[in-house]
Amino acid sequence: MELSVRSAAREEFVDVTERVGEVVRELGVREGFVLVYVPHTTAGVTINEGADPDVRRDMLAALARIVHDDPSFLHAEGNSPAHVKTSLMGSSVIVPVGGGRLRLGRWQSVYLCEFDGPRTRSMWVSAGGSPSRAK
Amino acid sequence: MELSVRSAAREEFVDVTERVGEVVRELGVREGFVLVYVPHTTAGVTINEGADPDVRRDMLAALARIVHDDPSFLHAEGNSPAHVKTSLMGSSVIVPVGGGRLRLGRWQSVYLCEFDGPRTRSMWVSAGGSPSRAK
Amino acid sequence: MELSVRSAAREEFVDVTERVGEVVRELGVREGFVLVYVPHTTAGVTINEGADPDVRRDMLAALARIVHDDPSFLHAEGNSPAHVKTSLMGSSVIVPVGGGRLRLGRWQSVYLCEFDGPRTRSMWVSAGGSPSRAK
């Protein structure tokens, strides 16, 4: 099932936990897990703290220090740092499902990691273990 | 199935390979894979060399140089680097299973990556492809 | 199913998308996903842009700046940066499958990430959700 996610800035961690949870209910997954897959190359997905919004801001700030723009980059679109950050975060996460609900840890949220926005992005959510229901 | 893992330092890579292998036997997984999921936001999981303990020390040292503490971090708990490192390593790994055993590469071990210890951490291990046996 | 991948340099992103797609056809996976697993500790796997070869060169250059060799590394083989980069990229990716084909995003390719080559590497590709067909 495809989710459409709108980012509002060049770089942003968008909390998609509730929307992924809705897909779990719509797909009727009871036990197992869901795969959350981002089909882009300048946006990824990660799991991290959802309670304090400062954490996602600190993560973006840290990533900006880890991967800074560099005159030696060859890719002409100027978004090479966005590609690197995407692979550092990854293109998919798996979340366990139990009793028909996401089984995240207490402080965990699922984030779309936008590194080259603002844009409308896609996320593909599919059920592991029940191929007939997969996207 | 839930594993409880005790870390002994602020930062530590704890080798959990044997314990994950025991769960595979207990779950009766023969073929497929297991998902090893860490429900925390300042501890992750990765696969890397298990033979030489220097490798995990070098990895912690390298991560400390990649993500250092910074006065500009907003999150008041002072563990923002731990959150960043967790997303760099990731919250889950998947390990193939064959013949009822973990099928890791020759030099591979599974590590709980503690970045804000010492603490008792949880790991959730579940069988892919057989929802009835999943955690 | 095991793929053998030859890298030609110390560090290289080898595009394995077509070969993974062939395995999907050989395994007869129709819907679900495939797990692409690298059983090494100085080579990983990631998904990123495949259209412009400059992107993979920029990614290697960025990773070289993120993880540089350091006299304090203890591991005597001199490949500690390769181990760190492997965990930053990860040891597996999951790719959705639909209609018997890989369902990557438009610009996405699957890369073996060689960090200690040139060598012949293995990749294990298995079908999620259908244990009888898994490697």
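Every chain is named by a letter (A, B and C) in the order it is written, and numbering of its residues begins at 1.
Operating definition for what follows: a contact is a pair of C-beta atoms (placed from the backbone, for glycine too) under 8 Å apart; a residue touches a chain by one contact, two chains touch by 3 or more.
Only a predicted model underlies this, so the values are computations on that prediction, with no experimental measurement involved.
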Equivalent interface positions on chain B and chain C, same or different at half: different
Copies chain A and chain C - rotation angle from C-alpha fit, nearest 5 degrees: 120
Interchain centroid distance [CA atoms averaged], chain B/chain C, Å: 20
Residue numbers of chain B (touch at least two other chains): 66, 88, 90, 94, 128-130
Complex contact set, residues of chain A against chain C: 35, 37-41, 66-67, 70, 72-77, 80-81, 83-84, 86-88, 90-92, 94, 122, 124, 126, 128-132, 134-135
In the complex with chain C, residue positions of chain B that touch it: 30-33, 46-49, 52, 54-55, 57-59, 61-63, 65-66, 88-90, 93-96, 98, 103-108, 128-130
